[in-house]
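Okay, so chain A shows up in both of these, paired with chain B first and chain C after.
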Partner chain A sequence: MAAVLGLSAHFHDAAAALVVDGEIVAAIQEERLSRIKHDASLPVRAARACLAQAGIDARALDAVVFYENPFGKLERVLLSLVRAFPRGRGQFVNALASQLGSKIWIVDEIAERIGVGRNKVHLGDHHTSHAASAYYTSPYAHAAVLTVDGVGERTTTALWHGRESALSLVESIDYPHSLGLFYAAFTAWLGFAVNEGEYKVMGLAAFGAPRHDTEVARTLRLDADGSFTLDLDYFAHTHDAELGFSPALERLFGARRDPRRPWDPTGEDRKYADVAASVQRRLEEALLGLARRARARTGEDALCLAGGVALNAVANARIAAEAGFARVYVQPAAGDAGGALGAALMHARSLGDPRCAPLRDCALGLVADGGEALALAASLGYDARRIDDVAGVAADALVRGDVVAWVQGRFEWGPRALGQRSLLALPAEAATRERLNRLVKEREPFRPFAPATLESHAARWFEHTPNDRTPFMTTVERARKEAVERFPAAVHVDGTARLQTVAEDGALAPLLHALEQRDVAPVVVNTSLNAAAEPIVAGAIDALALFARRPIDLLLVEDVEIRRRS
Partner chain B sequence: MSLVGRARTIGALVAHFAVREKLFFLPLLGVLLLGAVLLVLTGGLSYVAPFLYTLF
Partner chain C sequence: MLDLLAAARATPSAERRALYLSHALDEERHARSFAARARQLGLRDPGAADFDDLYERLGEVGFLAFVHRGEARGRAQFAEHRRVLLSRGDEQGARQFEAILVDEERHERYTGDLLSALTTTPRRALRAAALRDALWRWRRVGRFLSGLVFAVLASVLFVLLLPFSLADRLRARHTGWRVP
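Now for the complex of A and B:
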């Protein structure tokens, strides 16, 4: 029986996860506590918070595991440097800074800053950590596991076989051929920030038609056996750290989009939306090929997914529908943050600890302090009071058309707000989407919002059967005609929605039932409680800071109701 | 960080390349390492390009 801390850092989305006696005690992204979006620094705050949640200190840890091997990465770096020379020589100084300035000293840094002996610090493997995060938190005894991202040490895509809690590598595809880097290059060409804007490409794709399939297919070749190859003439990730795409890509698709220009996806930006649609479709086809191969190679009926590409909810829906698996699960923090959890779970297994219980929800962070919220709200001049019926007060506000900030329980693990740190509204008015996008969230007007509803009601409004993805918002489902008409703020332009289904003991269940009691359909718009370029709210101070700056009508922090004075 | 710890990291790094039969990288690594030390001593760089991880 052991206490194992997993850490990811030094790329983006640093995180810590603590596993004690095989069970997940806490899992926290550093950005939630540092308030720096995608904070990549060593997650010391998150690690300390995890330890505090367990009531232990660092001396009680049996092991600290870093999610990847920096020496393996350095080896790939040096190979790239040699192969690309003289191209890439301009990045030489950057290379020194990023690799040798901090990354290779990770064991020393962890030992010193976390406060453990150097002999307790271990190095994991990037894709093994991803695979472990998906398989061990899944509800499956046997499963195929696919990990797909930009690049780890060397691997970009890997197929694993999970059997009786043992995880073995079946085959892999190595750098420079990468679906994550394929999508990232087009993300950059569309004018979005790489490692941040990929999900915007997915949302934009719904506005376009895949009119550029032939051209996109030239950049990413798909083979009959499920493997893929990038045509590197169109990409620059082997020698240019800025863009990821080459001049050849601009000759094929035209000039990159100016990110400073406002978006008009149905007008001036139609072409960019069409390219996004073709890129999205090509990615889906590539992932379908990999998933079908995974099914054929392992013979399993269940599939687990992780790696940054597994955050593509639209592709996940196609995999679930078309790849031949009976069940599909996506680890909700599928990006690099999730590697911290996988590294800890993998090491705990190696120490003989039992496999953890399947992940039922993502409430693995910290609780906000209602008393702190009450005191701070009063000092800021807001009306604040403790209440008994939090769900009832929220439901009444939603029925009035209010936007409600909902801070309840431990905050979520991963990028999705799942009812612990959510911004809620009723989806009946299309104008609600505009209001949330432009005024509250300050983001692109084409970005969709997701609905949350009770699992027991989901099939009425969506083409839904119970599955392992909708509790975590890792897939999309088609809205039925009634839902398109009744919930326009929560259905995307293509008629799909990234639905969250809520179990009877879920954080949003009392609120959804309270809406039902008021003869209102138990469906809410559920979006993350943050503004543009900010991490999702963690504690009471963050919540009040957001409430003070944005037109939010009601803030509920645990049992504390906070309103502006009229 | 302690010098002993750093020395152990260098040892582990060399061992990694030895196991992978890539010891021919060591001269290049030495040059990089020297540059890194200089960067650390001079305050390093604050800007990190978005595709840097794919390259380095």
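Now for the complex of A and C:
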């Protein structure tokens, strides 16, 4: 029986996850506590918070595991730059500075800053950590596992076989051929930030028609055995990590989009939306090829997915529908943050601890302090009081057309708000989407919002059968005609929605039932509680700071109701 | 703003928590107002705020001394900006600084009051902050210079990669699945 802390850091989305006696006690992304979006620094705050949650000291840890091997990464970076010579001088200087300056000293840094002996610090493997995070938290005793991202040490895609407690690598695809970097290059070409704007590409794709399939296929070749190859003439990641695409890509598709220009995906930006649609379709085909390969090689009926590319909810829906698996599960923090969890779980297994219980919800963070919110709200001049019926007050506000900030329980693990740190509204008015996008979230007008409803009601409005993805918002489902008409703020332009289904004991269940009692359909728009370029709210102070700056009508922090004075 | 929010989270006093949060909200409002003006003038967005983890590194007294000095410096600079803009006939710009100056004066006052309340030697804390400021500036210069030296050395090293690159080109490239 052991206490194992997993850490990810020094690329993007640093996180800490604590596993005690095989069970997940806490998992926290550093950005939630540092308030720096995608914070990559060593997650010291998150680690301390995980330890505090378990009530143990760092000295009580049996092991601290870093999610990848920085020496393997350094070797790949140097080899890749040797191959790219004479291009990539700038990249060489930057990579050397970054690797030699901090990354290769990670064992010492962890030992010193977390406060454990150097002999307790271990290095994991990037894709193994991803695979473990997906398989060990899944509800499956046997499964195929696919990990797909930009790149780890040298692997970009890996196929695994999970059997009971064992997880073994079947085969893999190496850098520079990478689906994550394929998508990232087009993300940059569309004027979005890489490692941040990929899901915007997915949302934009719905506005376009895949008119550029032939051109996109030239950049990414798909082979009959499920593997793929990038035509590196169109990409620059081997020698320019910032940009990711080469002048040849601009010759093929035209000039990159100016990110400062406002978006008009149905007008001036139609062409960009069309390219996004083709890129999305190509990615889906590539992932389908990989998933079919996984099924053929393992013979399993269940598939687990992790790695940054597994956050593509639209592609996940196609995999679930077309790849031949009976069940598909996506680890909700599928990106690099999730590696921290996988590293901890993998090491705990190696120490003989039992496999953890399947992940049922993502509330693995910290609770916000209602008392603190009450005192602060009064100091800032808001009306604040304790209430008994939180769900009822929220339901009444939603029925009035209010936007409600909902802070209840431990905050979520992963990038999705799943009812612990949510911004809620009723989806009946299309104008709600505009209001949330423009005034509250300050983001592109084409970005969709997701609905949340009770699992028991989902099939009425969506083409839904119970599955392992909708509880975590890692897939999309087609909305039925009635839902398209009744919930325009929560259905995307292509008729799909990134649905969250809520179990009877879920955080949003009392609120959804309270809506039902008021003769309102139990469906809410559920988006993350944050402003543009900010991490999702963690504690009471963050919630009040957001409430003070954005036109949110009601803030509920635990049992404290906070409103502006009229 | 992020340092003030971190201080609000960390301070043991409910009163100071509210003050730091209010201050952070003011700073965010200023940043948005500057960003809007920059857009109006066709300039680049000033970008996101830095986070230096000052509260944790310096403690509350050190943090307050640092912020107090920054506010005093900011007030003096903004007063000068307002004067220059007025002399150029830019009344909108001058009004913007006028409005912010009110906040800056309040911030300078409250941080000074808190500093006096929290330590019996506020002047010493301010002198230590000034010294730290100078040290950090020196380190920034040092980092910049060492960065330049490193870039030159690494560039020379990069040129030495040529023979390895030529040798590598003779090797066949592997694509597709790799079996462990």
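Quick notes
The criterion applied here is as follows: the second predicted complex is superposed on the first by the 566 of 566 C-alpha atoms of A that agree within 3 Å, B and C clash if a C-alpha of one lies under 4 Å from a C-alpha of the other, contacts with A are read in each partner's own complex, and residues count from 1 in each chain.
Methods note: a contact is a pair of C-beta atoms (placed from the backbone, for glycine too) under 8 Å apart; a residue touches a chain by one contact, two chains touch by 3 or more.
No experiment lies behind these values; they were computed from the predicted model shown.
Legend: residue contacts after superposition of the two complexes on their common chain; A:Ser133 is shown touching neither chain B nor chain C. In the superposition on chain A, contact is made by A:Leu169 with chain C only, not with chain B.
Look at A:Thr219: by the touch rule set out above, it reaches neither chain B nor chain C. Using the contact criterion defined above for the overlaid structures, shared-chain residue A:Leu81 touches chain B and also reaches chain C. Within the superposed three-chain model, A:Val107 lies in touch with chain B and out of touch with chain C [touch as defined at top]. After overlaying the two complexes on the shared chain, residue contacts for A:His177 are found with chain C alone; chain B is out of touch.
In the superposition on chain A, A:Phe11 makes contact with chain B only, while chain C stays out of contact range.
Judged by the touch definition given at the top, the superposed model places A:Thr453 against neither chain B nor chain C. Chain A has more of its residues touched by B than by the other of chain B and chain C. Note: residues 81-82, 92-93, 96-97 of chain A belong to the chain B contact set and to the chain C contact set alike, using the contact criterion stated above. Those residues of chain C that touch chain A in the complex are listed here as 2, 5-6, 8-9, 14-15, 17-18, 21-22, 24-25, 28-29, 48, 51, 147, 150-151, 154-155, 157-158, 161-162, 164-165, 168-169, 174-180. Residue ranges on chain A touching chain C, taken from their complex, read 34-36, 79, 81-83, 85-86, 89, 92-93, 96-97, 169-174, 177, 223, 225-227, 229, 372, 375-376, 379-380, 533, 539, 541-542, 544-545, 548-549. Those residues of chain B lying in contact with chain A across their complex are 1-2, 5-6, 8-9, 12-13, 16-17, 20, 22, 25, 28-29, 32-33, 35-36, 39-40, 44-45, 48-56.
Within the complex, the chain A residues that touch chain B are 11, 71-72, 74-75, 77-78, 80-82, 84, 88, 91-101, 104-105, 107-109, 111-112, 118, 150-151, 175-176, 178, 181, 184, 188, 193-195, 236-244.
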